[in-house]
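One chain, subunit A, links the two complexes that follow: it is found with subunit B in the first and with subunit C in the second.
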Partner chain A sequence: MRNYILRRLLILIPIMLGVSFLTFAMFRMIPGDAAVLRCQLGCTPEVLEDLRHEMGLDRPWYIQYRDWVWDITKPVVHHIGPVPIPGPRFDLGHSLTESRLPVTTELDRRLPITGELLVVTMIMALLLGIPPGVISAIRPGTPLDWLARVGSVLWLSIPSFWLGILVIAFGVSWFNWTPPQFGRGYVPFLDDPWVNLQQFFFPSLVLALAIAAAIMRLTRSSLLEVLGNDYIRTAWSKGLRERTVVMRHALKNALIPVLTIVGLQVGALIGGSVIIESVFNLNGVGKYVLEAILRRDFFVVQSVVLLFAVAFVTANLVVDILYGWLDPRIRYG
Partner chain B sequence: MTFEEAVPPRIPALRRALQMARKHPLGVFGVLVVAALMLTGIFAELVAPYDPLAPNRTTRAFAELAEPVDAQTDVFKVKDGADLGYGQTVGIDSEEIIVLIIDGNTITVQRGAEHTEPTSHGAGTALGSSTVDAISGPSARHPFGTDRLGRDVLSRTIFGARISLMIGLVAILFGVTVGSFLGVLSGYIGGFVDSVIQRSVDALLAFPPVVLLLAIITVIGDEGSVVRTFLAHHTPIPQGTFLGVPDFLSIFIISLGIGLAVVASVARVVRGAVLSIKENVYIEAARAMGASDSRIMWRHILPNVAALIVILASITLPLAILAEAAISFLGVGVQPPVPSWGADMTGTNQALALSGTWWPVFFPGLALSLVVLGFNMLGDAFRDISDPRLRGALGSGSGRNL
Partner chain C sequence: MAESTYWNRFWRRRISRRAVLGAGAVGALGAASAAVLGCNGGGNGNGDGNGNGPDGSGTPVAGGNVTEGRLINALGIDPHIDLTGLDIDVLMYAYLYSWNRFTEERVMNNLATNLETPDERTFLFTIRPDVVAWPKGPAAGEALTSTDCVESFKRRGTAITAPDKRFPKRIERYETPNDTSFNFYMNRTFVPAVREMANPTWAIVPAKVLDKYYSLGQTAFGNGPFMLKEFRGSERIVLERHPNYFLKPRPWLDTYTYIVITESSSLLAAFRGGQHDINGAVLTKSTAQEFIDDAKYKVSQAPSLFYPVIHMKMRDPWRDIRVREALDLAINRKEIIDVIQDGEGNYNGPIQWPQFKWALPQQEIRDFYPHDPEKAKALLKEAGHPQITAKVKYPEVPGAPIIADIVQLIQSQLENVGINLQPDAVELGAFIGNTLLPGNFDLAFFPNLPYDEPDRPLSFYHSKGVTGSGNWTNYSNPDLDKLIDAQSEEFDEAKRIDLVQRAQRMILPEHGPQLTLTGGIQYFARRSYVNLGPADNELETPVPGAVYGPAGADVWTDKR
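Entry: the complex of A and B
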């Protein structure tokens, strides 16, 4: 088990290098860089050269990439409280905008927002996905089943950004209610739980619907398949109650493929957060990377993409480890 | 003694189709929606009631000329029932005039106001004004209303279908072709080629799909990008309007970007299928007969994964349409004023929606949702028919969605 996790974590290194280098290379292929975009009026070649020098864009591309990687990995001693902890430096470089803000500072501010959005969304998706899936599998062919299935196709098809705009627009005109993040910034949960929940309820709901639909469909089909197994018939013939048969015997096995989908959906979720954060005016990481892409601010883009890739791969690793808990027959070789 | 040959009863194709339709009503809905998308996309000019780019104007007549006037005279005779006021500027044909004196049905005017040229006008010509019919809600004239520039939202939604369809088809054609090619190559040759292709696929799949799309399209869509320059100068792809799509080159580049994002997952799935087909005896037989690798790959393996490739294309087409809308919504894809469902939901339209003007955003989004819904229902019915065991199992939800 430990070896398995270690090996999976080691695979992360080439993936991280590959993903960040790919992003870096892509943005180096455009002739117009961040300096050109910043140098608008009265831009002479000399000014442009100075700007490039200031941003470090005049160095050869491999030096730029090497320095960026080295700034992240350079071993230093962190001081967390009084405890000195040696570790890599985790310096993700600077934004190429005038402010030259360090990427790490920006991420400190924005990660809690995106983190909360993703966690709340996932919880909502599971709550909206698994119970209807179970109900429609144990009562196939009933109006409830039909409702759940039609609902799931519907949620899969409605684009989140459209639904998001409609929620805000009709919230304003019918209830005179705007999500509190319009006009004031992010309010952490511990400061004011009520405002915080208002800020995240609708973005998470809108983002969760499509994922919930996928989870519901898979729960239904997987549970239907498990319910046809011999051991379930044995459980029935022992005279167990339906609740026990479904919840204790069938559902645990049926949830294994569902878990895989949940892991894979983390990627879709992260992508969706880019869109939903811009619709709902949440200043999270997704909005940051969108703005950075438009500004050709590629140190920011490659840092955030790196972060996303790590999150995605880690989520799938956690899913793989959870398999063993759900199904003790699974062994890690 | 004669044996009667057991011939299964032949069911006419039409009746079979009707039977299938009765079993899968949602599939029929899907077929209808997809057919409607295709038809409106192809025949947008015939279906759309107005020009999607031109502002609509409302004209109001205040009076009508009773006698013809030439370019010099400044005394007009108008018919009874005129509704003019002193100092009012009104239009007559292409000329603007200012009303100076009203005396019964005779008015004295200043000719050629607002830098227009005085011309002669026939009897019965209307004196009136025209204003841009901006932000008017759904009505009989404009069922979906008009947007802030007075453009008909229904016509824009209809022309948006063409853009969606065009981008979806080009993206899938490109992405599925390249993906299948790489998948067959990777699965059949194996070894080093396989490793290189699969590690690249790993890296691409580790990107969140939206971010990957945004990055690719920003990079290849840039004014001076290598891809754009190459396509503009070395391929016959038209740069202006083509097949009724304005700025075709940009649209084509966006399609390529979406297609590129599809390549990775198609290559992975096709490779898996090729790996199992490769072990069949008929491949060994072909090799024993001296068939070359390329002949085995393209003549023996490819036809056997063709069905899978078609299914992949049908699953990815709505995703490509959704992807186009999403990136256009984020401001990276199709640029205004080209009518695109995604682009029409963003920017000023989005801001206006928050203050009550919901129709310019609502209807393009509704069209988009309907089209994706249609494709999903079609896909579900298709899977039900081809493999009843999978009923409801593999929605497009098991793929990557936006």
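Entry: the complex of A and C
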């Protein structure tokens, strides 16, 4: 298992290189750059050139890419307290906008927000997806099953950004309520848990519904299939209670494909967070990258896409490891 | 700071076991949902906006906080360089003087007490001795001097990203005979400089601050009515009262807070929900109506200087003046006002209508732009282009669906005369970089920026382009160039008005290369307890002689 994890982690290196290069290349194919957007309409060609020079955008593309990668990977010694620890420099560059802020500084501020959004969303998705899926599978054809299936189709069909806007609009119209971050910005959990939960409840719920619907449908079909197996029939014939048959014998096996879809949904979740953070005014990484794309802030986009790629690969690695826990027959050589 | 945290409050209280268990149950989804909606919590304490204070006609009272919702991120607040935080800069820095956009005249209510111009190239300022820097930073508490003015002018003039450097480039030399006399001499007359010096980018920053800080993008040490307390440009900006501001007892407010919400519907929802006192985004009349009808709010209005325009590339078929005139005749400007601008607005000539001093009389413009589809068809036929198919590129600006709305309306109007427009939405960055600046279009539609000086709007018709940035349309008219250049050097106002109007009358019959359309009215809403000061005028229509104080100093609230 250890070797497997190590191999998977090593695979991250070419993946990160590939992702960063593709992002770099594709982003430079889009017309317009940060210099043009800062200069706007009254910019003379000379000023534009000066600005490109100041931003380093007048260098050949391969030099820009090489320097960016080198700034991230350059070996340095970090000092954590008195302890010197060698490692890569992790300098992701700085914003090309007026702020000139280092990307790592912004990420330090924004990662906790996106991280919390993703974690709360995933918890909600599992809570809203698996129990209805199980109920639907063990009571097929009943009104409960029908309700769960119709609900899942509904949540899959509704775009999350639209639902988000509806939540805000109805919150204001009916309850004169808007999320707290609209009036005071982000409040960390440790500063005020109650306000923090209010900030994340609806964005997470809106994001979670579509994922929960997919999980529910897969749980239902997977559990239905498992419930038809011989060993389940044997369990019934032993006179075991329904809860034992379903929860102990059937569900664990049925969850393997569900786990796969959960891993893959991390990508959708990251994509969804880009819009939902904007709608709910959460200053997370998703909103950061969306604004950076509009402003052609190359280093920010490259860095965040890289980060998302790492998050996606890592999440799927965790899923792979969990397979072994769910089904002891699965072993990685 | 520590006293205000949740945990301090939590541990100070005596908490029963049941309460702890109850708190744990908060995670339950249903309960949380109901509670979140029911508690109306999390706001900034700005209240319910129930109009419990006077209607703004009372005497200013000191103290309190006003929160403004802001639609765009403040990426930087360096007044000489950054453009996204200029509305914040004006609250933090001193300027030589202010500008009344309605009378289009300078107001000597800031750093300078007097300006003498013995000739058109000499500017002699007398400055106040009591405008002091904030009590923190490299120049803490020190009075602004003429040296600070020189250093600020130099920095503003040489910053790479500073907009429009024509004025600073013409400054030949500076003189500082003493701390309160600031003089500069220009090598060539440039009249728009008079307006420009009151722009937010011409802040006077202490020289000691400029020495110490290469960039003031993320920090500030100013001398205006408010001091920077907290800056998170994409989230929250908090300003606090400058205790030694020269216009004591102003500023009235203790703090002025900005909350950034970049999604326009969310911003408006937050304002409705009581999270902000001032809605920082422009409203249309239809949106503003709910606030006009509600006593909890005050709504002000002002003519909009944003003006939509169509640019034509001077090549076939647009090179033919008959085709350009046909396009002009096919556009129904009244319908644009009725449909897009809620029936309020006027026709724009080359100078937009709210620049009252410079714009051509409205009736003259309206007479010049009749809607005559039949004549348009005849002209197209005569020009050999009875049917034209043309792509019109326009920028996709987040939060501004009105751009696409106008394009669609014009498309339907032109269809009636045989011009088949094919709208092509281009992402904003690509629109500027790949469409407009390189002149890569047949027709381009965009909302032009608000200008309150005639030089900029006219420069769109100059062969050198906007401030010399290049000719996007290939249009060239040497006679017009001479007039545009002449007005920028004519110091006598009456003569300049004449030049500006002659230039406009030369542009109109050309029907290009930039077609102006209409300009509407924009609305701003705020809670009724927020007062913008003695110069506050509910309609904000032009008031000759009205004196507008330095920004922010006169804002007060009776909400406690």
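Throughout what follows, the second predicted complex is superposed on the first by the 329 of 333 C-alpha atoms of A that agree within 3 Å, B and C clash if a C-alpha of one lies under 4 Å from a C-alpha of the other, contacts with A are read in each partner's own complex, and residues count from 1 in each chain.
In this section, a contact is a pair of C-beta atoms (placed from the backbone, for glycine too) under 8 Å apart; a residue touches a chain by one contact, two chains touch by 3 or more.
Only a predicted model underlies this, so the values are computations on that prediction, with no experimental measurement involved.
Taken together through their common subunit A, the two structures put subunit B and subunit C in a clash. Of the two partner chains, subunit B is the only one touched by A:213; subunit C is not. When the shared chain is aligned, subunit B comes close enough to touch A:313, but subunit C does not. Shared-chain residue A:15: touches subunit B; no touch with subunit C. In the superposition on chain A, contact of A:267 is made with subunit B only, not with subunit C. In the superposed model, A:278 lies in contact with both subunit B and subunit C. Using the contact criterion defined above for the overlaid structures, shared-chain residue A:176 touches subunit C, although it does not reach subunit B. Of the two partner chains placed around the shared chain by superposition, neither subunit B nor subunit C is touched by A:121.
In the superposition on chain A, contact is made by A:193 with subunit C only, not with subunit B. In the superposed model, A:152 lies in contact with subunit B only, and not with subunit C. Comparing the listed stretches 200-208, 308-316 or 398-406 of subunit C against subunit B after superposition, the clashing one is 398-406. Of the residues of subunit A, those at positions 30-32, 165, 168-169, 172, 178, 278-279, 294, 296 touch subunit B in one of the two structures and subunit C in the other. Residues 26, 199-200, 202-211, 214-216, 218-219, 222-226, 318, 322, 325-326, 329-332, 345, 350, 353-356, 358, 361-362, 365, 368-370, 372-373, 376-377, 380, 390-393, 395-398, 400-402 of subunit B are the ones that touch subunit A when the two sit in their complex.
The touching residues of subunit C, counted against subunit A in their complex, run 5-7, 26-27, 29, 32-33, 36-44, 46, 48, 67, 69, 73, 75-76, 78, 81-85, 160-161, 163-165, 215, 217-218, 232-236, 259-263, 265-266, 269-270, 272-276, 398, 427-434, 436-437, 449, 466-470. Those residues of subunit A that touch subunit C in the shared complex are 30-33, 36-45, 47, 50-51, 54, 95, 97-101, 109, 124, 127-128, 165, 168-169, 171-172, 174-187, 190-195, 197-199, 201-202, 205, 278-281, 283, 287-288, 291, 294-296.
Residue ranges on subunit A touching subunit B, taken from their complex, read 14-15, 18-19, 22-23, 26-27, 29-32, 149-150, 152-154, 156-162, 165-166, 168-170, 172-173, 178, 210, 213-214, 217-218, 220-222, 261, 264, 267-268, 270-272, 274-275, 278-279, 289-290, 293-294, 296, 301, 304-305, 308-309, 312-313.
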